[in-house]
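In the two complexes that follow, subunit A is the common piece, with subunit B as its partner first and subunit C second.
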Partner chain A sequence: MTTYLSLMLLIPLFGGVLNALVGRNLPRRLAESLACAAVWGSFVCAVLAALAYHGPEKVVVAQWFQAFDLALPLSLYLDPLSLSLCLMICFVCGLIHLYSVFYMAAEADYARFFALLNLFVFAMLSLVLAENLVLLYLGWEGVGFCSYLLIGFWYTEKENADAGRKAFITTRIGDTALMVALAWLFQLFGTLSITQLNGMGFLLPAGIVTALGLLMLAGAIGKSAQLPLMVWLPDAMAGPTPVSAMIHAATMVTAGVYLLARMYPLIGSSTVTTSAIAIVGGLTAFYGASCALAQRDLKRVLAFSTISQIGYMMLGVGAGAITAATFHLLVHAFFKALLFLGAGCVITAMHHEQDIFRMGGLRRTLPITFWCFLAGAACLAGLPLTGGFFSKDSILTALWMKGTALTQALYFLGLLTALITAFYSFRMVYLVFFGSNAHQQGHHEQSDVLPMELVLIPLALLGLFGGVLDLPGYLGGGFLGSFLGPLSGAHPVEASHTEELALQGVAATLALAGVFAAHVRYGGAARDNRLQESLLKPAPLVAFLLNGWYFDALYRALLIRPYQALSRVLWQQVDEGVINGGIDRLADGVGSTGSWLGRWTTGQVAVYLLSFAAGGALLLGYLAWRSL
Partner chain B sequence: MNPDFPILTLLLFLPLVGGLSVALLWRNPATARFFALLVGLAELALGAWLGSSAPAAGPTGYFLYQDLPWIERFGIRYTLGMDGISLVLVLLTAFITVIAMLLFWQEVKERVALYFALLLATETGILGVFLSLDLFLFYLFWEAMLIPMFFLIGIWGNGRKLYSAVKFFLYTFIGSLLMLVAIIVLYLMHGAQTGSYSFALAELVHTQVPYTTGLWLFAAFLLALGVKFPLVPLHGWLPDAYCDSPSAGTVVLAGILAKTAAYALIRFAYPLLPEAAHAFTPVIYVCAVIGIVYGAWVAFAQTDMKRLVAYSSVSHMGFIALGIAAWSPVALSGAVLQMVNHGITTGALFVMVGMLAERTEDRESLHYGGLWGKVPVLAFFFLFFNMASAGLPGLNNFVGEFLVLVGTFRVAPGAALGAFLGIVLTLVYTVRLVQDILFGTPSQPVSLSDLSLRESATLASLAVIGVYLGVHPAPVLDLIKVPIALLTKA
Partner chain C sequence: MSIPLFHVLILAGILFAMGLACTIAWRANVIMMLIGIEIMLNAVMLTLVGGSAQWGSADGQIFSLMLMALTSSEVSLALAMVVYLHRRKQSVDTDDFTSMKG
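Moving on to the complex of A and B:
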């Protein structure tokens, strides 16, 4: 097992480092094959580990560092949670690597791209497999670093570089909270082993558990792009589309959810923390969906939908339904990667046009993409019997069954969000694939897109049928539930079959209603009216949603501008003015000292030596005199 | 090895003697350069050999020791000792000196022999501080290392070089005089109490110091060491001195000279005056945290690359001060480790900035841009060392910062919380610098050449050490473990 787990990490690390160091000098095919082989090699290791899996297992690979009682082993932990995530990560990332070979075919700097993709997989896997919180932190920062460089991959454009920088800094605000939690945990327990910490939560007073939980939540908010640190994710779409699929949909953003699920046995006993998680999740789900309603850029629609869907996962964690949250995490990874990769096909075929109001008719020119994208949209909308339906519904069910006023209020918010989600999903489908291709006349290079489209198919199947991972009780119960169940530390109230059916009926009705509304507004002849409207200046509410509730502007005014201005004040007024100027004035001010200093500074360096020697001599003389 | 062989003396004076010989080669700059490099390499080899073959440390933690009477009349002895902390810093010193020589091989065109001779003389001065166990001897080296540094800035510097050199000299010299007074007072008190007048550290630690006197004495130490450290607000000399110094001088200043103050604090000030040090701890905490935040914040406003790195150095040194103030085994280990890491990382950043300035004679970061595509090797290293400086896990700085923060949080959560802020602020100015230099397109075309083989190889050696200390810092942590356990009585 040690071998499988170590290799799972080392292969992509090796691939990434190799491509980073010598990739530029390798033939293109070799560099690409190396990167793909590395990830699929990891996948093989993950499968082997799954086959050899007998129960939760902790392996110590090596010692990282030790100073007195602070010992940090490089230890890994394989349990159902980390195993299922590893399989998903390797599989989805493997497909995205293959897709990238075609998507980035014209890119000259392929070595840098694939090196970073591989390093990203390494970082994400070490985050998931870590048994030690510091190793988790290594992966946590590692994904941040890779995404920084991948978002800004086309670095010559200032906007791209800015977006990468924004993502790195914003997420690091959360990371710092996590780091504080680490330092505190070490102070309390003298260990940072996740399995040990999870067993020791009961030793702590409730207030401290709450504070620790909130710090971890702050960490998760940064990485998982939740309110109020979600501003980086929409901009992160500046990166190449495979990057968006891999980092900003399927894997990196789920790290926060994973952290909270992983540490749930420790932090879950605080109702304040779980309520906070649920509230953040619920509000973010609504926020993301509302913003997605108004976006015109295809990738930004998907970005806001990611924010919203991660919000659902947080809701699940907050409700104590770790299994449901994990279930949604996995299914979402499939269908969101699918949607992004589908969007990549669309964007390639449209010659890098991303405005959905300038697209149309693609269902005829890109049939494979259309059907796959439709499957993804159906999952996102939560249409009955798709994977997205079951996973989202299991979260909502858990919320309802928890039965407190808060969770039931959040349940209704979740339902409202589901309605909006169905609406914007099909708004996207209608605008992109239906109607006529009014703005782009038949230059679609289908042959270029075809190999990329093939990658969509397995993802579409997984998204559609992902529900079988964890079917509801009346359909015979789920594999995932029994697999993850005993380890999550949470015991959500089980719904009876009738309740479950009733709740799912409500959810299904709303999803269908959302699709119907989208059809009425964007289908058929109505579509042309919307295109006409899109040329006008957006209404205030639309502009508000389009700009993500103006959070960016708010932060610019409240944080960024003052920080920049104060940095200049500190430098020019305080440092140059008070500290430096004070000394200079002091030197000048003391009567003749000024001119004396001036004479000194004329470069008579011998004077210095002389005065130094004289000083030394005086000193020695004094010492001699004293001791006589 | 013959136990009576004065190996520490050889280690200490090899650079100085070598430097004098280099100065004699003033007619032939090329030879002088090579000879200086040879001396530097010999010193590094000697240090490495000592490190690998040193006998086991005794109960005092010192595995090499040399003690001779010198000026017996005043109880001044020539006492040198090397424990794990000294060894680590000696290696750093020898390494950074070689790096500085190699990377700025051609930087100086005039009076080449003298320049290299002074670099080597500085090395001896710094080594003396790390090896002396007699306070008089220590003070001698402490002042002595200023002189060659002063000339390096004053003669080969740029900008307002004389202003900066004098400022550097006066700041540190005035501070040092106070420390000298404190040393002498301690010496006299100890003599009066025991009847034996001695400057030996091992003797002076037993001095009974009245509480208030102790406070004054510690304040004098803190002022002297705080200037060189530098602790905010005593850093006024630093941006000018770092900026106007020749590149090799900046690397030596930031990479190793700054560590002498941290070392002296650990080796002398704390053990000599433990009670006063305890009383002053809040002051150091405040200075450290303000330094971390303030340095990072001011660094953000800089567009002169060298000045930016100078302020970032102030910020990073704050972490070291924090770890020392906490004085717990974990935090102190982090502080010592961070001294090495800071030497490597900030040293490397000054190297890179110096290289860019050497190529274009322009230090304004906004004039650059898009270097990633133009000079990929240089860009790779630039990004690498910036990320190390920002504390990316897996690279060296992370381990040191982590130990400092976790160790400090245990004893002083409030101070540590302030320092956590530094993690974010460091990243803010780092990515701004990276973006200015590497990304975007330049506001005006910059033409420069990528790294030569000599430069790549030297930077690669720094990078390899950076990764090694990030992934496997155990060798350093093991070396410093015994001395730190003794110091903190853990």
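Moving on to the complex of A and C:
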């Protein structure tokens, strides 16, 4: 087991380092195959580990720090949660690596790209496998760092570099909170081993558990782009599309959910924390879905839907339904990666046009992409019997069954969000693939996009049939539920089959209603009317949603402007005025004193002699006065 | 009979003050300034000899002899420089030589 786990981590690390060091000098095909082989090698290790898996296992790879009472072994922990995530990460990342080979075929700087992708996989796997919170934190920062570099991959354009910085700085706010939580835990327990900490939660007073939970929630909020730190994710779409699919949809942004799920036995005992998690998740789900309604940029629609879907996962964690949250995390990774990769095919075919109002008719030119994208959109919308339907519904069911006023209110918010989600998913499908478009440019040859389209197929199958991972009780119960069962701290109330069917019926009706509304508004002839409308100035509400509730403007006014003003004062008044001016004036004073004293040296011997004599007289006088 | 040290010191003090006054005041003539310096040196030697007589030790006298040798060499050097300066500016007034002005 040690071999499998350490190889799973080391292969991508090796691939990344090799590509970073000598990738430029390797033939292009070799560098690309190296990167892909590294991730698939990791996947093989993950599969072998899964086959050899018997029960939760802790593996110490090496001793790292051992000074005074700080012991930080490089230890890995394989349990159902990390195992299922590892399999998903290796598989999705492997497919995205293959996709990138074709997507980035015209990119000159392929070595840097693949090195960063591989390093990202390494960091993500160490984040997931870590048994030690410091190791987890290292992975946490590692993925953030790779994400920063990959968002700004085309750094010669200022907006891309700015988007990278924005992502890094915004997530840093959450990271700081997580760091504080880590230091506090160490101070309390003298250990940072996750398994030990999770078993010691009951020793702490409730207030401290709440505070720790809220700090970790803040970390998760930053990483998973939840309210109020979600502003970075839409801008992160400046990176290449495979990066958006891999980092900003499937893996990294779900790290926050993973952290909360992992630490749930410790923090879950505090009602305040779980309520806060649920509220943040519910509000974010609604926020993301509402913003996605008005976006014009294909990738930004998907970014806001990612924010919204992660909100659902947070809702699941807040309701204590770790299994449901993990289930949704896995299925979401498949269908959201699928949607992003499909978007990448569309964007390539449209020659880097990203405005959905200028697309159309692609269902004929890109049939494979169309069907796969449709499958992804169906999962996102939660159409019955897709994977997304089961996973989203298990979260909503858990919320309803928890039975407090708060969770039931959030349940209705979740239902409303599901309706909006179905609407915007199919708005996107109708605008991109249906109708005919006057703006059509000459498309790429089919063969250019074809290899990329092939990657979509396995993801589409997984998204559509992901539901079998965790079927509801009336269909014989889920594999994931019994697999993940032992680790979830709280045992959610089981719904009876009738209740579950009723709740799923409600969700299914809403999803279908959303699709129907989208059909009425964007299908057929109505589509052309919408295209006409899109040329006009947007209505205030649409502009409000298009700009993400003006959160960027709010932060600009509340934080950035005052900070810039303060910086300007510090720069012009304090630094240039006080410090520079002070030093200048001191130097001027010394200089003028010097030249004033310099007038003494007249060059006349007599003056020197007189001064000498006066000095001698003074000395003598002093000595005489002393000896009195 | 012996002269008390106190008297010797008074004489030396007067000599030194006069020499200093000469050096400072007579700046129009560099030779007179040199003479003032010589007078001050003589006052020093007088003090040394007086001390030597008072405590019956030969050190002061030996030192005076060395000072005489030193003074003679100094004077010969200084006079040579005076001749040189006079050649340059046809003057022995020290205020004419201000090339050291800062």
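List of remarks:
One rule holds in what follows: the second predicted complex is superposed on the first by the 566 of 628 C-alpha atoms of A that agree within 3 Å, B and C clash if a C-alpha of one lies under 4 Å from a C-alpha of the other, contacts with A are read in each partner's own complex, and residues count from 1 in each chain.
Quick note on the criterion: a residue touches a chain if its C-beta (ideal position, glycine included) is under 8 Å from a C-beta of that chain, and two chains touch if they have at least 3 such contacts.
Bear in mind the structure is a predicted one, so any value in this text is a computation, not a measurement.
Within the superposed three-chain model, A:A183 lies in touch with subunit B and out of touch with subunit C [touch as defined at top]. In the superposition on chain A, A:Y155 makes contact with subunit B only, not with subunit C. Contact with subunit B, but none with subunit C, is seen for A:Y137 once the two complexes are overlaid on the shared chain.
Touched residues of subunit A were counted for both subunit B and subunit C, and B has more of them. Note: residues 600-603, 605, 609 of subunit A belong to the subunit B contact set and to the subunit C contact set alike, using the contact criterion stated above.
Considering their complex, residues 598-606, 609-610, 613 of subunit A touch subunit C.
Per the touch definition, subunit C reaches subunit A in the complex via residues 20, 23-24, 27, 33, 94-95, 97-102.
Across the interface of their complex, subunit B is touched by residues 20, 24, 63-70, 109, 134, 137-138, 141-142, 145, 148, 152, 155-158, 161-162, 165, 168-169, 172-173, 175-176, 179-180, 182-184, 186-187, 563-564, 566-568, 570-572, 574-575, 579-580, 582-583, 587, 597, 600-603, 605, 608-609, 612, 616, 619, 623-624, 626-627 of subunit A.
Residues 73-74, 143, 147, 150-151, 154-155, 162-163, 166-167, 169-171, 180, 184, 188, 197, 233, 235-236, 239-240, 294, 297-298, 300-302, 329-330, 333-334, 370, 372-373, 376, 380, 387, 392-394, 399, 402-403, 405-407, 409-410, 413, 416-417, 420-421, 423-424, 427-428, 431-432, 435, 438-441, 471-474, 477, 481, 485, 490 of subunit B are the ones that touch subunit A when the two sit in their complex.
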